[in-house]
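Two complexes follow with chain A in common, the first pairing it with chain B and the second with chain C.
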Partner chain A sequence: MQTAESRPFWEWPLKILVTIILIPKKFLDWAMNSEAFLGYLFILPSLIGFIAFFAYPAVRSVYISTLEWNLLTPAKHVGDDNYQFIYHDERFREALKTTVYYVLYNIPLQTLLALMIAVMMDKVHNSSFLRGIFVLPWLLPNVVVALLWLWMMDPSLGIINQALKQVGIGEQGFLGDPDQVIQSLAAINIWRHAGYTSILVFAGLKTIPKGLYEAAAIDGAGEIQKFLRITIPLLRPVLSFVLVTSVIGSFQVFDTIAITTEGGPAGSSRVILYYIYEQVFERRIHMGTASAASVVLFLILFTVTAIQMTFLRAGKSDLAEYS
Partner chain B sequence: MMATLSKLQVKRFTRETTNHEPKKRISGSRILMWLFLILLLFVTIFPLYWVIRTAVTPPKKVYSEARALAPSDPTTQNIERVLGLISDEELTALVKKNPTISAGKLDFLHFVKNSCIVAGAITAGQTFFSSLAAYAFARLRFPLRNLIFYSYLGGLMVPSIVLFIPNFVLIRNMEWIGTYKGMIAPTFLMTPFAVFFMRQFFLNLNTDLEEAAKLDGATHAGIFLKIAMPLSKGPIFTLAILTFITSWNEYLWPFLVGRDEKVRVLTVALSVFRSQTPQGGPDWAGLMAGTIVAVIPTFLLFIFLGRKVVDSIQFSGFK
Partner chain C sequence: MFNKKGFKLLLIVVLVALTFSAVMTTRAQDSVTVKYVLWDTNQLPAYQACADAFTAANPSIKIEIEQLGWDDYWTAITTGFISGDAPDVFTDHLAKYPEFVVLEQLVDLQPFVERDEVATDIYYPGLADLWTKDGARYGLPKDWDTVAIVYNKALVEAAGIDPATLNDLTWNPEDGGTFEQVIAQLTIDANGNNGLSPDFDKENVVQYGFTPGGMGGGYGQTEWSWLAVANGFTFNNGTWGDEYYYDDPALASTIQWMADLWLEKGYSPNLAEQQGLGRSALFQAGNIGFVVDGSWMIGTYVASDFEVGFARLPAGPNGRKSMFNGLADSIWVGSKHIEESWQWVKFLGSADCQTIVGQSGVVFPAIPDAATLSLQVRADAGVDVSAFVDQANEEGGTFLFPITDWGGEISTIMTETMDSIGLGEADAASALKDANDEVNSLFQ
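So, the complex of A and B:
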């Protein structure tokens, strides 16, 4: 009794105060060692970014594709009208065809060239200097690449036509000629990408065990046989990656065209992305049609990628069978 | 005995070296391959040379000496002009003499500043927050972890144009059109690629050190700060380089939301400059000078970190 009375009156408040102060510290101790808490804390910013600028807009895009909306007046629900519209729109079909042509001119040549560069670097000379030079065009902005080729391919003043004139071949229209514009654009893209692709293929070549070639040589295989039976099959994972990503990229070509031809001449280089762009930022604003076209593009890319993955058996490596 | 053995070894050794000899031989196919590589090197480098040669050619000579491999009297005037380093009177006099050049005053230094702000902010934010998330995905266990990570991966599949339209609407509703914020926001907190890239690195990172630290009583936060971070300086730096180059080169998004001269970045400035065509043709000398300004950071990165960039590209391609 006596002792209890002798306790100072501020003991209890002090205890409470200390506890209150200690709670955050205890919480901090717990939090800093709790996997779940730290995990959520670490992913929180990225999750906000992902939801706000990737997940939500992806869903919203499908929603917008069912609207008739010009941003200025209230939107109107129109069901699948936008899809009907682009399905029947001659310009959209043309755009689809133009894009496919572009991809077909682009991909085989680019991949073949990259493969050749990689094999030659492997056989003749390889240094990081050489690889650096080949990758340089890929580091430049698309806008810069487009401008410099627009200048070099200029019908009258461009150095390419000047050179062609010199050797007796007539001037070519290149980007100004509806029959040459897609090939010219593909050429520009090949210039930018072949070196980059060759670097990836080259790294793939380095993973092939040299012993395989020696074994094949003992069995009497020639260079060509070795290339077709060993190099190509074992490069498959790399080549699949390269093909899948470059096809996806080519379907979305835009920057080069926006700078050089603006879809012209006479709509001959209006690719899908340029069609979408025109729906929103030229003439009248059609958010709905633009979204519908972009959703269609997504479905096309998804299908093409799925087909490629199955066809190339992208996930599996032949190397596993040897080791 | 020893002698015979070593003779045998010598014999085998010589046979082996002669076997390898054909590799060094100068054969027809080797010469062909060399020629092919040199031709490709030329095709790769010549356009870049042509940019420089046009940028230092006086505007009039661009027309009169279209075929000359080097200008007869090189000048830095074009570069000074696009950087806005010449006075208004000089510019007026210049335009009078050369009707083919752009009459408007250009200030590419201002656009360089804008590009640095936008690409710098995106690089800092994206690299930091994506690495943080990647570490959590690779090392910490928490409910829904894989589900969240795989939805990020799904984001890789969606073409950027699908996202640009709703994002444009969002940025517009927030009245961020014509601001740095608007250009930076969508890729500031993450891109699926960045998270994927760093997670792959953390997964390949040996856990021994972390296990040892755990035994010594280090907290998860401590392990992250004192062990994982210092070990991953290299890959984080690599990711930063790749992110910087990507956002520096970006065109469509800044074109959609940042056309205002105040915040305009270099790629957009070049496209606006290109669409101004004084007297028929574009102002090629000026455009090429502007192009040089736009690729200076790329070249600096390339010269100082060329090898690292090449290695990082190989790394990013494989994961």
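So, the complex of A and C:
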């Protein structure tokens, strides 16, 4: 009886109240000490953007690819009709081929050029002024770059052909010639991206310890050997980053083409993205086929990237063993 | 001391101010803004003047005009339909509006026309009817256009051709008639020989006689329609038709004659050169004898660095034919101010606005009197553009733009096909047959 009386009636409610108040505090204590939680907190703003503007639309486009829908009148479920359509569409196959050619013209040359520029900056001369000039084309908006080259490459009035005529090579069709259009577009892209890529590679070169080269020199290695045996292997993480991002970027080329050739002449520069655009904006708003083509492009990019990551062992650096 | 009188005065002032501002706010809320878009920069000043006149007469309706280049224009309108912020009123094109009708995006103006008893017979004959289907009306005509020859006066005279004779050229797809002779005469190689000379070197041409300035896709308004129809070609089985005749040999022979100008004869820059910066830029570079272009381009050509003249189209086996195309103003079905938009469209289609447009001399308004005004403005400036008007007034001198569904698809298919002919990758007869099958399969 004594004990029961000594407990005031409000003791239990108070205890509950205190517990409730302490829950957020305990949670906060845990949160502040949990690195994982803090990490997620930091990426939350990007995560919201990623989900709202990338993940959700991507998933939704998979759904739309099973519809026949013009966005204005009610949609109709058509199963895999859209995939059947693009599979049998000659223009889609051509677009795939054109895109692959574009990537093949673009990537090796761009990467090689970037590597050369970076090595030259490392060995010969390097100033922030020079680096500024190299990234300048990359800072220009794509539309401006495309218009600039459209004028310069114009077959009859462009400055490039004027120069070629002076040296006796003669007029070239460039963007107007179906046999040159993809190479011309790749050239524009290389001009725009090689400098920027070289800065990335240059940063990679700076992480290679100088001691390695000295040791190699003492062992009697020449410049070429040093480049092939030290520089290239140790640049692998940077090079694979550059390759993966620029391959994805090349597969997604669009604005340069929309400004210069609109997929022409005679469909010779209709890349996948232009095909998708055409389905919606030039034909009768075929959201279904456009989405189906997008899904196919996603699968292609996913496969290509996975292969690249595996072969380049992008996640590992040989420098880890050195230090 | 507290001044009672002064306080009262202050109170009155405040009350009056509040009442006044309240009135102002109500008035501001009553005013409606109608958004209007067009694609031609040259016409912007004239339509801004129309908008000012309209708002002066209807203070509660403000017009906000936006100009977008042709290439972005239709993308922006389509996107606007979907996202719900398309302009209330927009300049519409015959190649595009059937698709918008099918997608149910245009307001039927017929009930408004009947309610307000708007006369639709004040326009050039046939213009208003282009915008009707099954009793519904989707636009009020604003202007019309035809095509004619634009020549470089100095080059024509240097070749020893009297510019007046350009009005009487004949053409046929076999030997090109006098039309092709003039083209050859105006084409000069590096050694100074013209295209008629046996020594003419087609690999080294410094001056070209003529260029269509592109392959013209499925309609070829300024590129080949005036030749093909003069050769007996008809696009399809009539307005709102469901069958195209792109496989007609009359079209194939026309297109092949045109492509051979550069593929075989060296009288025109090749297709790559034509497509770069476009016909007017190529012509204004000063080494092309003449081109054929539309009346809406008059202002651009007159502004060339050299003197230009305009002449009638050549006459083909079937006569002298120009496409008669017209623009109209349409109202978007999603507009929140359809009544106010209609008031604006009605004004755009009225003599009041079209007179203002006619005075600018930039285009030919749909109302004949206003069009005459435009002709006069040009004549006063010393430019004779009667070639365009005479073509429109001539009995049987025009044919209508082919209005059918599936405009976007047809354009995509035909642009690719025509380009392949112009590049010499395919011959006209077989390529056009395949394309025609694809086009007609759309209607099934």
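Details
One rule holds for everything that comes next: the second predicted complex is superposed on the first by the 271 of 323 C-alpha atoms of A that agree within 3 Å, B and C clash if a C-alpha of one lies under 4 Å from a C-alpha of the other, contacts with A are read in each partner's own complex, and residues count from 1 in each chain.
FYI, a contact is a pair of C-beta atoms (placed from the backbone, for glycine too) under 8 Å apart; a residue touches a chain by one contact, two chains touch by 3 or more.
Bear in mind the structure is a predicted one, so any value in this text is a computation, not a measurement.
With chain A as the common reference for superposition, the partners chain B and chain C occupy clashing space. In the superposed model, A:Arg283 makes contact with chain C only, not with chain B.
Once the two structures are superposed, chain B and chain C can be ranked by residues of chain A touched, with B on top. In the superposition on chain A, no contact is made by A:Asn126 with either chain B or chain C. Looking at the shared chain after the overlay, A:Asp177 reaches chain C, while chain B stays out of its contact range.
Residue contacts after overlaying the shared chain place A:Tyr196 against chain B, while chain C stays out of touching range. Judged by the touch definition given at the top, the superposed model places A:Gly264 against chain C, while chain B stays out of reach.
When both complexes are overlaid on chain A, the residue A:Trp151 reaches chain B and chain C alike. When both complexes are overlaid on chain A, the residue A:Leu72 reaches chain C alone and has no touch with chain B.
Within the three-chain superposition, the chain C stretch that clashes with chain B turns out to be 274-282, the only such case among 274-282, 310-318 or 418-426.
Where the contact sets of chain A with chain B and with chain C meet, they give residues 71, 150-151, 154, 157, 281. Residues 74-75, 78, 81-82, 99, 103-105, 269-277, 281-282, 285, 406, 408-409, 411-412, 415-417, 419-420, 422-423, 425 of chain C touch chain A in their complex.
Chain contact summary for the complex, chain B toward chain A: residues 30, 33-34, 36-37, 40-41, 43-45, 47-48, 50-51, 54, 62-63, 66-67, 129-130, 132-133, 135-137, 140-143, 145, 148, 151-152, 155, 157-163, 165-170, 172, 185-190, 192, 195, 219-222, 224, 245, 248-249, 251-252, 255-256, 266-267, 270-271, 274, 281-282, 284, 287-288, 291, 294-295, 298, 301-302, 306-307, 309-310, 313-314, 317-318. Within the complex, the chain A residues that touch chain C are 70-73, 150-151, 153-158, 171, 173-178, 264-267, 278, 281-285.
Those residues of chain A that touch chain B in the shared complex are 29, 32-36, 38-40, 42-43, 45-50, 52-58, 60-61, 64, 71, 116-117, 120-121, 123-125, 128-144, 147-152, 154, 157, 159, 162-163, 166, 191, 195-196, 199-200, 202-203, 238, 241-242, 248, 251-252, 254-255, 258-259, 273, 276, 280-281, 287, 290-291, 294-295, 297-298, 301-302, 305.
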